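Across the two complexes that follow, chain A remains constant while its partner is chain B and subsequently chain C.
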Partner chain A sequence: MQVSLYRAVEAVFRKEALISLRSRASWLVVLMFALTTLSCVSLLMQGDVLSPRLAAAMLWVILFFSLLSGAGRGFADEEQEGTLMALSVYGSPQAVLFGKGIFMAVLLFALSLLIVPVYLVLMDIPVFSVLLLFAALLAGTYGMAMAGTLLSALMVGAKAQNGLLAILMLPVLLPILLPAIVLTAGCFSGEAVRISYLVGMLLYDGIMTLAASLLFDFLWYED
Partner chain B sequence: MIRLTFSGVTKCFDGRTIIRNFSAEALSGQITAVTGINGSGKSTLLKLAAGLLLPDTGSVIVREDGSVWRKNDRCRRVGMVAPDMHVYSELTARENLDFFLGFRYNVPLSDRQYDELMSRVGLQPDAILKKRVRNFSTGMEKRLHLAILLASGADVWLLDEPGAHLDRAGRCLVQREARRAAEEGKLVLWATNDAEEEAEADASIALSGR
Partner chain C sequence: MKSCEKGLWLFILLLTAGLFYAVFFFVPPAEGLGSLVRIAFFHIPVAWGSVIAFLVGAWYALRYLRRPGKRFDAISAESARLGLIFVVLATLSGAVFSKLTWGAYWNWDPRQTTIFVLLLIYAAYLTLRSVITDERRRARVSAIYALFSFLTVPFLIFIIPRFYFSLHPSPVLNGSGSIEMDPVMLRVLLLSLLDVTLIYIALLGHRVKEVHHHET
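And then the complex of A and B:
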C-alpha cells in the first residue's frame, strides 16, 4: 500500500527535526551567531537611533548569515555520515528537497520570531505594521531556505563548501533580500510601502520552489 | 518477470575506465553473482543498476513484462545494501525503519511486525529499543540495513558484499534471505569476492577489471 509524496516529505521533515534536537550543535550555532551579532550591535550603538533602512538591512544581514551557518549543514551532515546513498536509493529526490527545505524554512522563521522582538527592543525600533513585517519575514525566510537547500545540495562533494556557499548565496538571494529590506524599513518608518515588493517576494518564492524542484533531480543523481 | 539489462556500458572516473563496453543480463527469480578482482567495478555496476550513476555510454534498463521501469519505479522498487551506505546514527533502529518506510511511501510497521522483523535479522527488539544506531556494532548496523531492505518490499535487491563485517551466522542469514527473495520472484544482484557466496548464486557476471 502506498501513500502520497506528502508522507515522504513529512518523514524527511520529522527526521531532520529529530536529528537537530538530538545533535543540538547545528541550531545552537545558528542561534548563538544571531544572539552574538545582536548583542554586539546593540552594545556598540549605545542608545543611538538607527535609520529604518539601516535597521532593516542589519536585521536581514543577521538572518542571511544565520542561514549561511545553518543551511550549509543540510547536506554536508548527510555526506559526512554516509547517509546520502541510502537517501538516493530509498526515496524520491523531491521528498528530500521539500522535507529539508521546509524544515530549514521553519527553523529560520522560528529563529526570526525569536530574534526580531529582541532586536526591536534592544535597538528601540517601533513597528508600524506588524502584519506586513510578519509577511515579509515569512516570505523572506521561505525563499532563503529553499535557495539555501538547493545550493547546499549543489555543494555536496565540493571542497571548501562553506566558502562556496557564501559566494553563490549572495547573488541568488539578492532578489529577495532587497525587497525584504525595503518592506521591513517601511514597517519601521511607518511610511507607505508599495505592496508590489511583497508580491515580488512571493513570486521569487514561487520561482525558487519551481526551479529547485526541476533542478534537484539532476543534482541528486550521477557522480 | 523483471529483467535488468546492461548494454554496451562504459563508465569512467577521473579519466580511468572502470567498466568498458560491458553487456550482461540478470533475471528475477534467481541470484546473480557479480564477481571480479578489487577495483573491477562491482560496486559501480550495482550503482549503475540502482540508477545512482549514469553510464558514459550504453544503457542500463530494467524491464518488467516488456515495459521499461522509469526513475520513479527505481525509487520505489530497488533496495540496496552496500559497505558505504549508512543509516542515521542519531536515530534508533525503529526510527530509522519508520523514516525509510515513510520516505519510500510504505506504510509503517506495527509493533508486532517490527519485533518479528528484528528477530528475523537477528536483532533483539528489547535490547535495542532505545539504543541509537551510533551505539550499534558494525554487524548490528548491517543487520539493520537488511531489515530496511526486507521491510521496503523491494523487487530488485542490490547486495554489495553484504556479508562483510558479519559473523558466520550473519552471512548465513544474508544467504538465506537472498535465496528466499529469489524464490519470491525478486531479482537479486550480489557483488561478492567470497567463493562460498558465489557458489550460492544461480548465475554469474564476471567483470574483467581492465
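And then the complex of A and C:
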C-alpha cells in the first residue's frame, strides 16, 4: 500500500508520541538529568552572580548534555526492543527519519521550556528578550534533534554506546551552539545582538536536515 | 611499481633534507618574529596536510556511498588516520609558536579553534570506526559520518572568526589577493607544502596497500 510521505511521517510521529507517553522513562531521565546538573551548578555557585556570557554558556552546556541523553534514544530503544527490523520493513526511510526527528524536536523543545525557567530562577538571571530566547531554543533543539536522530541511527550495533553520541555530536553541533550562546547572552544582558546569528543557526538547521535526509537512505537500505 | 614507490621516497628524502637546510640557512629572519618564523615552515605544511587528508577522506566517503568498495573505505579511513597525525602536529607546533610569540600556549584563537574542531571530527570518526565490528556496516556508517561532519567546516570557517579575536598572522593567500612575503620564504614554503603533500600521498598509498594485502 502506497501512503503519502506526509501521512507516513505523521504515523511514525504518532507512534513515537504514543510510546513515549506510555513509558515516560526516556524524557523523565532527560528532565531529571537536567535538574540534577543545574541544581549542582547552582549549589556550587553559592549565590554568586554569573556574567551574562558565562550564564548563557553554562545554560547551553547543561542543555547540550541533558538533551543529548534523550536525542540518542531514537534508535537505541528500537534496537533494544527488537522492533528495528519491523520498522525497516514497513517504514520508508524518509518517513522514519522525519517522524522520529520531528517528534524528538518537539520533545526536546518542550523539555527545554521546563529546564530553562528553573535555571533562570535558580541563578537569578533577568531575561530582556523572551522572544529571542525562544527562537534560539527552538533553532538549537531542532538541530540537536535532527543530528541526534541521524547519529543515533549510525550508532545502532555499536559496541560502546555510552558517551559515544556526545563525541559524535559535539563537532557537528558547534555551528549551532556558538551562535546560540551569543544570542542567549544578548537576551540576558539586554544588549543588542545581530540577528544574523539566528539566521545562521536556521540556515545550518536547514542544511543539516537536507544532509540527514540524503544520507539516511544509504543507511536504511543495507544490501 | 615497486621501484616507482622507492623513487618517490628517495625524492621525498632529498626534498626534505634540502628543505631543512633551506629553512635553517637560507630563509631570512622575519620582521618582528626573528628566527621563530622557521616554525612556520613546519606548521603551515602540516596544517595543509591535515586539511588535504580531510578533503580526500570525505571525497572517498562519498565514492564509497555511491559505489561500495573496500578500497574506497580503506582510503577514507587511512586518510583520517594520517589526518589525525597531521592535525596533532599542527596543533602542537602552533601552540609552541603561540607560546613563544604571544605568551600563551592556547587562547582559542579562531584558527586554533578551527583546527581543534578538525581534531575533534577526526577523533570522533576514528572512535566510531573502532566501536562497530561488522565490516560493511562500519564502512557505511563511517562514510556517512565523514560526510555529515564535513558540513560543519564551511560554517566554522565563516562563523568562528566572528566569535574570537585573532592574533594569528593573516594567511599567505589573504583576502586582498596579494602575496606579502619574502620571495625566498615563499619558494621554500611552497616547496615544503609540496613535500608534505608527497609524504601524505606516499604514506596513504603504502597504508592502503598494506590493508589490502592484509585482507587478501
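Criterion: the second predicted complex is superposed on the first by the 219 of 223 C-alpha atoms of A that agree within 3 Å, B and C clash if a C-alpha of one lies under 4 Å from a C-alpha of the other, contacts with A are read in each partner's own complex, and residues count from 1 in each chain.
As a working rule, a contact is a pair of C-beta atoms (placed from the backbone, for glycine too) under 8 Å apart; a residue touches a chain by one contact, two chains touch by 3 or more.
Just so you know, these numbers come straight off a predicted model, no measurement behind them.
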Touching partner for A:164 - first (chain B), second (chain C), both, neither: second
Which superposed partner A:175 touches (first chain B, second chain C, both, neither): second
Which of chain B and chain C A:45 touches, first, second, both or neither: neither
First (chain B), second (chain C), both or neither touched by A:83: first
Which of chain B and chain C A:7 touches, first, second, both or neither: first
Which of chain B and chain C A:211 touches, first, second, both or neither: second
Partner chain in contact with A:17 - chain B first, chain C second, else both or neither: neither
Overlapping contact positions on chain A, where the chain C interface meets the chain B interface: 222-223
In the complex, chain A residues that touch chain B: 1-5, 7-8, 10-12, 14-15, 18-19, 22-23, 81-83, 85-92, 95, 217, 221-223
Contact footprint of chain A on chain B as seen in their complex: 13, 50-54, 71-72, 75-76, 78-80, 82, 84-91, 95, 98-107, 132, 148, 152
Residues on chain C engaged by chain A in the complex (per definition of touch): 65, 68, 117, 120-121, 123-124, 127-128, 131-134, 136-137, 140-141, 143-145, 147-149, 151-152, 155-156, 159-160, 163
List of chain A residues in touch with chain C within their complex: 147, 150-151, 154, 157-161, 164, 167-168, 170-172, 174-175, 178-179, 182, 200, 204, 207-208, 211-212, 215, 218-219, 222-223
